[in-house]
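These notes open a run of structures that come right after.
Each of the next two complexes has chain A plus one more chain, namely chain B in the first and chain C in the second.
Then we have the complex of A and B:
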């Protein structure tokens, strides 16, 4: 299903021709930040839809800590993507972590074992994807959302970071990219935000969803800032920041530069 | 008691035929009544197949677009100065008792049963009809104000269709009389379970209790919806660790997803460290906060109409949304809590008072608003 790329796709470099054009290119880590006033979940939905679209033929491994499968299924159905069908064809792997606990009382290193378990599940899913019909396809690992993983790990930032580092090795070894949703307002500026600064360091793209400075509006739901990490290319340093407004709809998201909407 | 058709309903329709501007209103009400009466009393199916239960405050149900979504977690941020969150809790629990819905109540008090004695009684249905339905002489009086209120005829129609829907509404949500306590015999049913969290060292027992409460509820489709009310979860006298509490909130949220229950948690957010307060707020599906209004604030009195009647403010931060990524944007998110006739709780939109000529331009009113409310936002 062809559709013109929107501003977010352009900012992420998702435009282009050829196989794998809809997917994030290899080795990309995308951090999506949001806050209580403005939810960034729609960015995840959009990226999943792009990854699963027929142009790109990619696979998605979805680690769901926040909602159940039926929630995403219903939302993505309205966006025009059938998750149940993709799940049957092994293009969409859903890791349901909604009720998973790592009880510290029962086992001594429960958190560690739990996260190792989770990583092995991801590895298995990657192997299945690489050996299936879409073996050449790009795999996107999506985590929704990281703050709940922190809660599950009883606040041990070290374990969560170790887990993230393991996932990031996948992005370099296999053709994977990592998309993480996190809540930026949880980390106050006063304390040293260890996890947040690590994430920003590791990410190639940081997408921040914020409310408008002027407050709530019915037709503009917030603003999106996309920061592309600076890279050196033949001694030339390039980085990019874009800012646009968005309105979330049932069947997609409308993005426009501030003031350009009539 | 909630299912008796009030005998005055027919009379009200017969004596005020002139108020009806179209003949469709009666048909609309009957079809709405039949579609709104779901197999489970006390819950209603809204658009998209989402099931709601009433919060016990009809105005709040209307603001939230139907009520509290079944399977969602409602959180109320308490105010340090006034216990208005108890008003919300009381109405929520009383509504559950009236509909005989299973209720689990947890609080840090030594004896949570005592709180049940303060639940309000539902307002008698017949009195309700007389209050809400517009009187016969009402319309003729307003004819004189034709120039200013030419649109009032539309409001009148709306009010009247509300009166028509009163029957179906009584099944869903009641108005509660805060001056009267609920009758003892309603509370003595086995459906109400209380637990005090003060004596526990961690939240595992409460988690167990919630889990068994949810598993005892009848399965999907049939049976009554359940209600869980937890008061002041992070109260300092309990001494739970921060991560323990947020882990409990997260697992309660996960348990609720697959069940036909609504849970309401009130918590004093100012006690938690700011990062944890934000974590709790993110976990909520519907997030409300209550604020006290200072008693004799002259600036606020000048700014808002009806200031003397206001008990407090209610701010709606987030509204639960099911199967949709579109956020719910309300026209106004701050409402005033008022006691109508000192007995029933109403929520009203804030109205800015007319600016006096002597106090300068209308821009001048923005200053005292932000200053007296400590910089927190009010949305008109």
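Then we have the complex of A and C:
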């Protein structure tokens, strides 16, 4: 079990001592962008594992649109995290959206009703987390993934953005942070800039998983760029960008600066 | 200049005229627009609280940040909390813009979820008419019923997400022409909308302030380059202001801004910030491309074959007006400009004198430049 912080943790500011420092601090919105060649799901798995680890003691509300619980259970088990146990202890709330379908034309505001329902489920989960054993713990809301939410909402980008806005209000009113996975290569040329720009404006961290510029390699699966927006870094206000390579393994992900691996 | 913008917002409107309106425009390349908005908001709020402005109160329409964020921001600027409660009203369009929390509250059973909310919450931001009337109501609630008030909107981009451009244009126009509105300011993210929306809002404002990066990055590529321009230094940038004055004149200002811990500061542009173009030479060269002083002196003493004949004639510089002494049947206007030594020589009848007429004064003697460079054939 590897508890030492890796490069991604450092870039996100997850390193630190004490209770609750392993989790993203309050009010953080993390956007993970990936593409067909390089899946960014490992970032979500890593963040879930960090949030549920014993030294951070946080809670996770997982909105699953693309895979079932058993899928995540299997993967996280290999990473050393027992999701079933956490689920029983109400530290891990799994909101299963796989079979949910918003009716199209029956009701006029069907999509909105569906999203309001989803939001109310999240609120209930937040309430349960805040009143349970780990009441002072940080709650991470993870959405996997946003493009499927858009499909469920019948392509209505506005409704999806409204839903995200409500989730973001949770980050400021309660001790929550939001992690969103989105695919950046599925939009047609004209539409893409709008939604992606909205997301980048909303996010505090943007993590981008891309293939290597040189092509496919056997031992390096891709490159990860972590951008922290608008921070003070030695009294210089800048966007802090870090770039490293990664290799996804069975029991975790290995991150290293380009060229440092022999 | 930033100061003149603050003064303009402070002084407010004249009877019978639209109130001054400031648009702060930014983009992802230089997303420091929120800092600029906070700066002008704090300045206006300070003026209102101190009684120095025409407006007796400030109505802040908050879409993208919670009201508590603004209150803590203003308190950090050392504004008196009691004065703030008297002079500031925040219309909360952030917590529950579409009324979802209200719906959940109504549909949930005995254990209603508890929401912490501020005093004035707008639950339906799509209804622009109702939004307008809420703002006007809040504005009338300041000390005397007939007092002026200022309006700040953060941000108009969020409004455009929920309502159409014509309705928002009408909303802003109504506010600007309202007798009691003293001044307005709003924030706009230019790359979230079509250029048309940005243009409409710019037309409706008297001051347009754009926050731009120091060096404009113009490649429209997507992909992995997309985020790297976000990683560039945000600390400095250009602040470009277009000021429409009452007398109809338009003034353009260019300043620089710096972002520090305390917030954003504006300064006059300094020449040192012009990006020094890197020469294309590698760092270590085997040979010397510059001339030393001695070499420069030696070069100036070289007797050029045609110009310095020493025959007492003054150095003539061709000024394009005089026609040449020989016939110019074969020459057209273009060719007259670029007479070279060889052509001159050919026209000489006798002993092969060479009359060298230099093209212009700034052509260096013994220059390697091709005099036909500017020919446009």
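Keep this in mind: the second predicted complex is superposed on the first by the 248 of 262 C-alpha atoms of A that agree within 3 Å, B and C clash if a C-alpha of one lies under 4 Å from a C-alpha of the other, contacts with A are read in each partner's own complex, and residues count from 1 in each chain.
In this section, a contact is a pair of C-beta atoms (placed from the backbone, for glycine too) under 8 Å apart; a residue touches a chain by one contact, two chains touch by 3 or more.
Since the model is a prediction, treat every value here as computed from it, not as a measurement.
Q: Quick check for you: in the superposed arrangement, does A:166 touch first (chain B), second (chain C), both or neither?
A: Only chain C; A:166 stays clear of chain B.
Q: May I ask you to decide whether A:188 touches chain B, chain C, both, or neither, giving the answer as first, second, both or neither?
A: It touches chain B, and chain C stays clear.
Q: Pick one for A:200: touches chain B only (first), chain C only (second), both, or neither.
A: Touch partner of A:200: chain C, not chain B.
Q: Look at A:259 in the shared chain and tell me whether it touches chain B only, chain C only, both, or neither; answer first, second, both or neither.
A: So A:259 meets neither chain B nor chain C here.
Q: Scan A:75 for contacts with chain B and chain C and give back first, second, both or neither.
A: first
Q: Could you tell me if A:229 is touching chain B, chain C, both of them or neither one (first, second, both, neither)?
A: In the superposition, A:229 contacts chain C only.
Q: Would you tell me the residues on chain A in contact with chain B in one complex that are also in contact with chain C in the other?
A: none
Q: Would you tell me which residues of chain C are touching chain A in their complex?
A: Checking each residue of chain C against chain A gives 28, 31-32, 65-66, 68-69, 94-98, 100-101, 103-104, 107-108, 113, 115-116, 161-162, 189, 191-192, 222-224, 227-228, 230-235, 259-261.
Q: Can you name the residues of chain A that touch chain C in the complex?
A: Touch list, chain A to chain C: 112, 115-116, 119-120, 123-124, 127, 158, 161-162, 165-166, 169, 172-173, 192-194, 197-198, 200-201, 206, 208, 210, 213, 225, 227, 229-230, 232, 235-241.
Q: If you look only at chain A, which of its residues touch chain B in the complex?
A: Checking each residue of chain A against chain B gives 36-39, 41-42, 45, 67-68, 70-71, 74-75, 78, 98-99, 101, 105, 147-148, 151-152, 154-155, 183, 185-188, 191, 215-218, 221, 248-250.
Q: If you look only at chain B, which of its residues touch chain A in the complex?
A: So the residues of chain B touching chain A come out as 204, 242-243, 246-247, 250-251, 254-255, 257-258, 274-275, 278-279, 281-282, 287, 317-318, 322-327, 329, 331, 333, 377, 379.
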